[in-house]
Amino acid sequence: LLAGNSIGKEFTVTTFGESHGKVVGVVVDGCPPGLPLDTSDFQEELDRRIPSEPKIVSGRIEKDTPMVVSGLFEGYTTGAPIALMVENKETKSCDYETIKNLPRPGHADYPARVKYGGFNDYRGGGRFSGRVTVALIMAGTIAKKLLGRFNVDVLAYTLAIGKVKTDKKFTPQEIRKNRYEAATRCPDLACAERMEEAIVDARQAGDSLGGIVECIALNMPVGVGEPLFDSLDADLAKAVFSVPAVKGVEFGAGFRATELRGSQNNDAFLLKGGKVATETDNAGGVLGGLSSGAPIMIRVAIKPTPSIAKEQQTVDLSSMQVTTISVKGRHDPCVVPKAVPAIEAAVAITLADHMIRAGFIPKVLKEH
Amino acid sequence: LLAGNSIGKEFTVTTFGESHGKVVGVVVDGCPPGLPLDTSDFQEELDRRIPSEPKIVSGRIEKDTPMVVSGLFEGYTTGAPIALMVENKETKSCDYETIKNLPRPGHADYPARVKYGGFNDYRGGGRFSGRVTVALIMAGTIAKKLLGRFNVDVLAYTLAIGKVKTDKKFTPQEIRKNRYEAATRCPDLACAERMEEAIVDARQAGDSLGGIVECIALNMPVGVGEPLFDSLDADLAKAVFSVPAVKGVEFGAGFRATELRGSQNNDAFLLKGGKVATETDNAGGVLGGLSSGAPIMIRVAIKPTPSIAKEQQTVDLSSMQVTTISVKGRHDPCVVPKAVPAIEAAVAITLADHMIRAGFIPKVLKEH
Amino acid sequence: LLAGNSIGKEFTVTTFGESHGKVVGVVVDGCPPGLPLDTSDFQEELDRRIPSEPKIVSGRIEKDTPMVVSGLFEGYTTGAPIALMVENKETKSCDYETIKNLPRPGHADYPARVKYGGFNDYRGGGRFSGRVTVALIMAGTIAKKLLGRFNVDVLAYTLAIGKVKTDKKFTPQEIRKNRYEAATRCPDLACAERMEEAIVDARQAGDSLGGIVECIALNMPVGVGEPLFDSLDADLAKAVFSVPAVKGVEFGAGFRATELRGSQNNDAFLLKGGKVATETDNAGGVLGGLSSGAPIMIRVAIKPTPSIAKEQQTVDLSSMQVTTISVKGRHDPCVVPKAVPAIEAAVAITLADHMIRAGFIPKVLKEH
Amino acid sequence: LLAGNSIGKEFTVTTFGESHGKVVGVVVDGCPPGLPLDTSDFQEELDRRIPSEPKIVSGRIEKDTPMVVSGLFEGYTTGAPIALMVENKETKSCDYETIKNLPRPGHADYPARVKYGGFNDYRGGGRFSGRVTVALIMAGTIAKKLLGRFNVDVLAYTLAIGKVKTDKKFTPQEIRKNRYEAATRCPDLACAERMEEAIVDARQAGDSLGGIVECIALNMPVGVGEPLFDSLDADLAKAVFSVPAVKGVEFGAGFRATELRGSQNNDAFLLKGGKVATETDNAGGVLGGLSSGAPIMIRVAIKPTPSIAKEQQTVDLSSMQVTTISVKGRHDPCVVPKAVPAIEAAVAITLADHMIRAGFIPKVLKEH
């Protein structure tokens, strides 16, 4: 659909709501009937959005309470669209009124004002705020539960914050156990602590950091994806770019593959338990736009938060004069930890959509 | 549309055809009436697909002759769908029959066979062959001509082949002038030569190389893109992944931005000729999924050609035994040069689509 | 999108909610920024849904209060999706539990149970209830306001209830003034009274009536519609079928045209005020799937309400025995009056979508 | 997709080509792999388009030879898009040049000229010609073959030509056996002859006739359709309007149902061979937008051919003067016979699409 607030062709997610409006919400259409779902499922995922460590997050700490207003009956999905909402409670709109005409560098403020003729709700970034990932995460909760029914597991975690990087290889068990232990969502807990320090440093300097998030999907069946254009990697990349601050996406060896020779980069086929498999996964689980059966592996570049206290140059759009801005509101010095569950959701939504499209998820989950 | 062979919502491209079938073709729907178009426009772009230097390309040298079979009348687009085709002439299908059951590592052979139940046309990779970029390039020709009418210029070129990289900064003039001079499509002609040598080396070793392609779009108006999901960067990324062998995409500073602080990465606003602009372009011309007015800048990772003469391990799917394969057909030791016009096309198609969607291209180009 | 709860490509309407769930709601995406909108706009249209004459409506009289939860800012649309909801208050679910296994003849109960594997919310017809037209009417309110800005006026009214028909020709003024005067929504007030009597008669017999609704759209520009498949008449027909109980749609002379000769049915061109026009409108304002400039004229067949007190034969799906059913809940003996604003909404939504698609409505309504 | 030349979401049909262009063609995307298909399948259906009786058809008798240019391999569909074309051979463009500025009453000439800014190919109606149903019929051939694999049979036939109507009830066997016997496609062969005479009469008077086509679909499973908006009847209606000259569509009792009471119109449920069924089919096989298991029954109003030899009033668009026109080209005095296979195709395409969407047709037809 043209207006761009929907994604997915069979499992379709339509989001609505602004940072300082009444709610942030989402309609999920195309979830098969028969999936057990409960408000607590959404609560659990939403709680993961806000790291418990106050040093690395913004002053705005929202306990988000999900409301399910349609599409569930007697504890199961019905096949009807599922509408979900979260109220926006902690909104100090006064923080933003003063900067209405001062577009923040690195933010959507300027092009949004041009595009929407000045009618857009600019408060807190409005529709462009990281807050709208709440909608993504609620939709992702359904997607993950649906995928889980078919044994597919989607796990995102932090690989790098600024220049602090982990080079450990994690088992799925370690990822599951540790990633939400650390406020920075890095399963390498020692490294996670150094990441936290780096964020605190940047914040004290009135500055911010970015980082790298990795997301894997385990147990994907072979042949998911609809090339040429709705390739699995293409649609995953597209979905991941809907998470604010994403500036790059790569699969498997990714940019590193450009320096390898074919003989080094190809994942040779072998047999594992009688099934075709590969030892390496330089392809990141995608060949020709189709899942290969190996784990999907995506790496995502997150830019440093554009909102910083440090003075930056901008233009006053009312007077068309160059001036400076110091962004005062409550902002995260690093959005990477909040991006982790959002990227997980974006990946899960895309995989659920493609699993249905490829026929691996049936139209009705089970007969009553 | 679900089957995945269409892209774009207003400027819609549907491709068809296989590597060893009768034709490769494309239907472009949604091009406004009134655009002058000629067979020679397509010929020129198609000719750019095949580097003139035989040392770095496959033995299959196809002079592709475009046929326009609908949608043009008296030299102009009519508003009706434009169908274009190129015949496949040089097809030696016998090369492939013997490897029907031996999936080539790094290729779509294995997941495609599973997905399509063995019915897919596997000859030369069938639908997954780089040959289908011919369709993309024909559609891209229309997109580029349409964009050109509104002053937008899309330029792709090679930045790296294997470990040989250029670090020169190019002016648009240099890019336009030099990129098709070199067989490797790198506007840094000295570097281009070293790239060529690297390819020849790899080929002689029965191996292959990948590389990095950069694509810029100049003079984009502010506010193109339809967030949250049909963001300009999201749709560009998706489109670029339709070019075979792409494994990563980044905008502006991209993955490098993850190591910068916000104060370093933000592009400060300033005034240029009375208009809001930025000095730097770490954002790659996209803020919040909208064009910012700065040049769009995308970098694309291309993996080394998976088809190599070197022996690799694979599984014989008929006997389910591990065996080896040495890919004999006529293959490019490096697909980067052929990827350049394909990426340019993918970017142009997406920009044309979004320019129409954002209202910058009218529904009729001019009154007769 | 595949799950079928969205309609429109530029002006996109996604509905959610069930008859006896928490809410009925809608997300409208693609409304240009700059349209003044207020809760009272929706209230006015919703109030038109329920005829004030209690003799001809069901016992369930819901005063529906619209809630706008996103997409408006300072009294204008912003370009972001507009989410709207109405709470379901008067729901007596106990009425339905007993007939869970007894599909009502003429209703969706039976195929819905099969399709959704028994998981669908069957209370009050759930998603198939006439109640969901509330969502359509709210979306239609926006569409009508948007069309009004461009002088297009959409007017629906009753032509026949059962065998009681009006054969008066109405001026637009009469339609506007009279149609909501009569509980049956017929602008011929004398005939409207006879229609009312017919409904009362049918109700007393434990039976129900259908009827015919006509809808016109005035001042449409020439050339709206996207043939071959997204023809204006095709998309109007599709939208109108989303109103429950619709069984037929015709344009202009419609089925009557099949008995005319070409020379009688063709609308000859002439000049009116220097512009091309026609005297007659047998085409119903659509030629070749494009608006011709003449008034759009659609006639819609509404079947008699399937829920009747009279005993009917059905099958008990738990025991698979033939049995009888007398539908007891609160049902309208004739849904035609409630269908009038729903059809008006369906037509307005489609015209708004196509007016944007054809470029007659700009992407931003006016600069601040 | 926005430009409107595609229909269907899983089984997607994109048409191209004009009446007097090089070809008329179609791309079918989303047909599952494994369906046996042959050029002769298309030939057979195309041959049904032209009645053998020269008295009732236009002078333009085209033997259309289908070309399959992609998507088949070793006699089966592959899962890749299937592109099909027919060359336009008998095109006398000179017939049309003189009337370039004289829009024919009842034709798309005038709104098309306005919409496409005069760039549209007006020769023979261009994109609006009945000739483009050739594309529909080729796509319908695939749809019918696919449906046949699942036992669904789609049959269209003529019910009325002008005022000559049959009121016989036909068995499916009679329809199959007789409909293509008669040039007018009416299975009541006695009536068919009278229809032929009526056409000859009208032609001799320089005039034309319309009529009514009925289309049934047998053996549809229960629960096909995606309400609220992608209801089966809604999508069937939309598809049928893509056949030129259609002005109305009704299901089952249709407009006649508006005069019945609920107790008369409801189809009571009963048991047939242990399965839920109905005796009557006033619903036309659709309840709440879902297939009910009863035969789908659609009736379609076709207007009299607008092109007539009789003089009609029009406006010369170059001089903006009222004038007259007598349409001279080769035109059918009644398009109903040619509409029959086109409506059958439109219905089959929609049913195939929805059968896939509802999960009744699998993603791969059978393992090799």
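Lettered A, B, C and D in written order, each chain numbered from 1.
The working rule: contacts are C-beta pairs under 8 Å (C-beta built on N, C-alpha and C of every residue); 3 or more make two chains touch, one makes a residue touch a chain.
As the structure is a computational prediction, the values presented were derived from the model and not from experiment.
The chains in contact with chain A as well as with chain B are C, D.
If you average the Cα atoms of chain A and of chain C, the two centres end up 38 Å apart. Our note on geometry: chain A versus chain D, Cα centroid distance of 46 Å, whole angstroms.
Our note on geometry: chain C versus chain D, Cα centroid distance of 27 Å, whole angstroms.
Chain B has residues 2-6, 9-10, 15, 115-116, 127, 358, 364 in contact with two or more other chains. Contacts between chains leave no pair untouched here, as each chain touches all the others. For chain C in complex with chain A, the residues that touch the partner chain are 1-6, 8-10, 12, 14-18, 21-25, 27, 29-30, 33-34, 69-71, 73, 76-83, 85, 115-121, 126-127, 364-368. Within the complex formed with chain C, the residues of chain B that make contact are 2, 9, 358-359, 362-364.
Chain contact summary for the complex, chain D toward chain C: residues 2-7, 9-10, 15, 103, 105-108, 110-112, 114-116, 127-128, 132, 160, 162-163, 202, 205-212, 222-223, 225-231, 233-235, 237-239, 241-242, 244, 246-255, 257-271, 274, 276, 278, 282-284, 287-293, 301-308, 310, 312-315, 317, 320, 322, 357-358.
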